[in-house]
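Presented sequentially are two complexes of chain A, the first with chain B as partner and the second with chain C.
What follows is the complex of A and B.
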């Protein structure tokens, strides 16, 4: 009798423990690693984050301000007008300070960047890594926000950033023509809003960090304030702020052609 | 006891289940190990500080509101630039075209004031119709002040006022039309532009001096076949007198990595019956590797009307065609610095023997007095057939700009210009530069009327 009871108890524990262990193990596996689960893939997260920025800018006109800080003091202010057709067609014109007024930066294709200098009335082809108005931003940081075209993402985990849950993505360049070898990208879990990017060189050195946040409801949750910090020079920062936003703007066909730069 | 044994026996399964709930993915590890990466501090190369603290109390715009374009049609734009300049030069008394400064009477020091005013605006909300005026005025402390490299100078008289550009243009969806005096720049090279024949050529070491445009009508169409420009103008002199038509055609196209264009420029014969120097040319610019661009230009001109000198000082013309070509590359060196290098070939230039003949003719013909025809044959960048140009730019600490250019001729002579600009504020810039001509008495730059030219100035922009 005692043996029977003992057998039943042992069997009961086995019956509970085995499924419990299996269930708990299954539950602990990250959702995105299970095929067919509802969790987003790394690419989906990246695409959603790109959409936050890119889709809102598509066919828009924005005015922005670049504040260049050194030793935590404002050194220079630039103000620019940005005509944005899509990810690869953007025209930026400097409107302040007066000594740089009229300078234009054009992206006329994926890797096709031009600088127009009004004092000599000339457009010259430039590299995408050229700095934008002598700030810590390169042309591609500002003019090409869609990272999914250039990088392959992987989920490196989740972290808390600015008090909110965020996906941590590791983006590897598809080829060496990309301006950075690797980008660590934090994207807010709740709405896929971009929060932070750490940029790495091809020698795997951390180069700079971009922090982003949205402060204005009028821009559909799009990040409108950006802080670029240099890892090499600790006291060096550039703040970029969108000051105004005009959606649904239709541009003339040749607005984003290098030949048109000298016309207007 | 048996219960205890049973629990012990299957405890590894329970333990496995419990362990499984603990973070085994990097995702969960990150969640548990780091409450908030913004406060990481120790391993954070950025010190973990709040990046937005810089601007927490700065909600207002930092540039004047007047700098903001208005939505739906820009208001008119005004721009004024004032330059106060001082020059101190070392005069080359050994120059064989201005021996002992006998003809040009250059003075070692000069003061100069320059003003450039630009005013433009749109006539409609859609920004289809635009007008622009650009005026230039200058006054110097003595007549004959010369400020630019090639002895030509932009202000050859004591004071000068001119309209650099005045035009109206219309922009449709594909079409563009402009009428008036304006500057058109053709070509893809950065220093020398052989195909740039519509507006006066520029000094490759200091291109900002040449700003005057050309009265013209410009029609353009952009479509799937590329961009086509038609330019109609006349042989205007400085008083806008003209008696011959000039016309040009440019077709430009582009692909992902290369931009290219072909050019044609022609016109009616000169008053003395000479045919116009019809030009046919092409240019391109292409990305090679990230940060490196190569470009080239070539132009072939119908007739060479230049004077060449024989050993007995007789003047003759070669006639026939001549060609100018440029090949170059620009490099982004990182850290806000860049470099470009260009090689110019000019078949109109003098050979070593032709240059020697010219200079010997100058020794003889300038002995007794000034000979403007001979002096006019000292054509900058045509006293040799090959030139090498290198330019290095570097910006540092947001306020300093450094620019070093050197131009080396086939005869071994060279011209080098170093410039430093310092932005005192958003409106004022301090500028200083030094230009040096080196070479022997048989060379092009060795015979420049100046040996060195130091310039200091203040630029104000409003």
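What follows is the complex of A and C.
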């Protein structure tokens, strides 16, 4: 009798508890997750994609090359050295060509961008939306790659991109001060590596497309080649490549201050 | 009595007096005529620019001049529509419209470049600036009912390689700092003398406000006044009304708004003063020479007058009176001739000049009587006549009667 009772009780528990557990699991799944699947949230995907780029750059020094193409021909090449403390403290210095050598761009806080021109020995405040060295990248595109602070993500599905399965995120600007109203962001499913961003304006028009890839293992999986193309001109693009990467660099406190800009 | 005597003495040598008078009349004619011409030119230039581009005056944010270049959208006036209506209701104001200035990138699809743009209330602009369509060099002006129309500076359209009817892409930074994009169609090209044709872009105010995501903000309100001479008074009234509203504004009159206007007019006036001075010297020299000759020729007469008991001061007064009369006749005749000539030329539409650079309409310079120059031109020979006659008059007065009568 006792065994029968125990068996019946256990069965009853299973009859009630399992569906209850499943129901609780379903209810507990955040809305941003893909329906019907237990997966990462949109914010988690975005954070992990940002980490691929931003986290690896934290406390590092990189040298990069900007190749500006117009009408499919290479028009200008710039080389820059970037001192990167975090998403809001970056110092970029142009080292090539000679006519632009010494020009510096500083991000000294959120939406606090400065440009230093050595030929007039003057530092001026600039907008994050200004073009970087007349390329298709804006200052914020390069110096503030982390998007999770400015945009609210939603998962818009999955797609195949560059032969790989990718999450498709739709990012909406938190406020009107963000440079782009909307960004469609493709992130590789397997390792959350960023693949592509489509930047939209407040009029919901596509403005630019950024394709990203990682070609070198020495960059810790961080994308090292970026191709930005603009709708403004046909056959116009800018290619950005990280040439060298030095992690774990410690910077002095005043490295990222506007006063330090004037120092040679 | 002196004046009658002096007048009779002048015509004793009619040829010399007439020659002197002709030179004085010519001098007065030139001075007053130049003044009237410059006055007319100043008015016509101002009226052209007022009707074509600047309006009689403009109202803008008080910090716009200093900070407008770096933060054009922040230095705007809120409630643009209500502000325009308020200004229009002020007596003396004929019309007004709001405009919004901004910058960005414009692209043809193959090329892109920077622009300095302005959004205008098209219908009201037409009322306020009746001549602004003179600046259209190709295509048509903006149509207030048609969204998406764009007018470019002729040089900008050329550099982008686009023609009327071609699409353009416009990217701007919005009021809050984000980026926005719109597509438009080129409907016309403009040339102007005070906006760079290589960066000029114009669109409807509503389109610009939507693109920039600003509600009802304007950079300037342009005001038209029917009576040119009433502009300063209307400006004062508008200032008074808006000060009561506690709007952070400043008014700028057309002399400040028309590029190089103030400096050009100052230069012309300086040149006319130099010309006036030169003529002053020539007239003075002519009268002085004539009076000196008269004193030399009339030594015995002077000696006789002195011998008969005429005081030195009376002799001096006589010659000064002659100088005064000769100057006075020249001044009167010259003034009448200059004024009549001005009126005749004005009645026939003035001087017709070819279109100024960047416009398509001929320019007429209608001389306008300049009261100040007229007074100066008329007074100058009177003063010069007395001044130039002073030395010969003193010489004659100080002459010894015995010496004067006995000299061969």
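Quick notes on this structure:
We take it that the second predicted complex is superposed on the first by the 226 of 264 C-alpha atoms of A that agree within 3 Å, B and C clash if a C-alpha of one lies under 4 Å from a C-alpha of the other, contacts with A are read in each partner's own complex, and residues count from 1 in each chain.
Methods note: a contact is a pair of C-beta atoms (placed from the backbone, for glycine too) under 8 Å apart; a residue touches a chain by one contact, two chains touch by 3 or more.
In this text the structure is predicted, and so the values were computed from the model without any measurement.
The superposed arrangement places chain B and chain C in clashing positions on chain A. Put simply, more of the residues of chain A are touched by B, taking chain B and chain C as the two choices.
Of the two partner chains placed by the overlay, only chain B lies in contact with A:65; chain C stays clear of it. When both complexes are overlaid on chain A, the residue A:207 reaches chain C alone and has no touch with chain B.
Touch criterion met: A:231 reaches chain B and chain C at once.
Once the two complexes are laid over each other on the shared chain, residue contacts for A:136 go to neither chain B nor chain C.
Once the two complexes are laid over each other on the shared chain, residue contacts for A:111 go to chain B and to chain C alike.
With both structures placed on the common chain, the touch criterion links A:180 to chain C but leaves chain B unconnected. Judged by the touch definition given at the top, the superposed model places A:127 against both chain B and chain C. In the superposed three-chain arrangement, chain C is struck by just one stretch of chain B from 328-336, 346-354 or 400-408, namely 328-336. Taken together, the two structures place residues 111, 127-129, 176-177, 179, 231, 234 of chain A in contact with chain B in one case and with chain C in the other. Interface of chain A with chain C (complex): residues 71, 111, 127-129, 173, 175-181, 199, 201-203, 205, 207, 231-234.
On chain A, the positions that touch chain B within their shared complex are 6, 9-10, 13-14, 17-18, 20-25, 27-30, 33, 61, 63, 65, 67-70, 72, 74-79, 81, 95-99, 101-102, 108-112, 119-122, 124-131, 134, 155-163, 168, 176-177, 179, 186, 206, 209, 211, 213, 225, 227, 229, 231, 234, 237, 239, 241, 243-244, 246, 252-254, 257-260, 262-264. Residues of chain C that touch chain A in their complex: 105, 107, 109-112, 169, 171, 173-183, 211, 213.
Residues of chain B that touch chain A in their complex: 2-3, 6-7, 9-10, 13-14, 16-18, 20-31, 34-38, 45-47, 51-52, 54-55, 58, 61-64, 67-69, 71, 79, 130, 169, 171-174, 176, 178, 183-185, 188, 190, 202, 207-208, 211, 220, 222, 227, 229, 252, 254, 256-257, 259, 285, 287, 290-293, 295, 330, 332, 334, 336, 338, 395, 397-399, 423, 426-427, 429, 459, 461-462.
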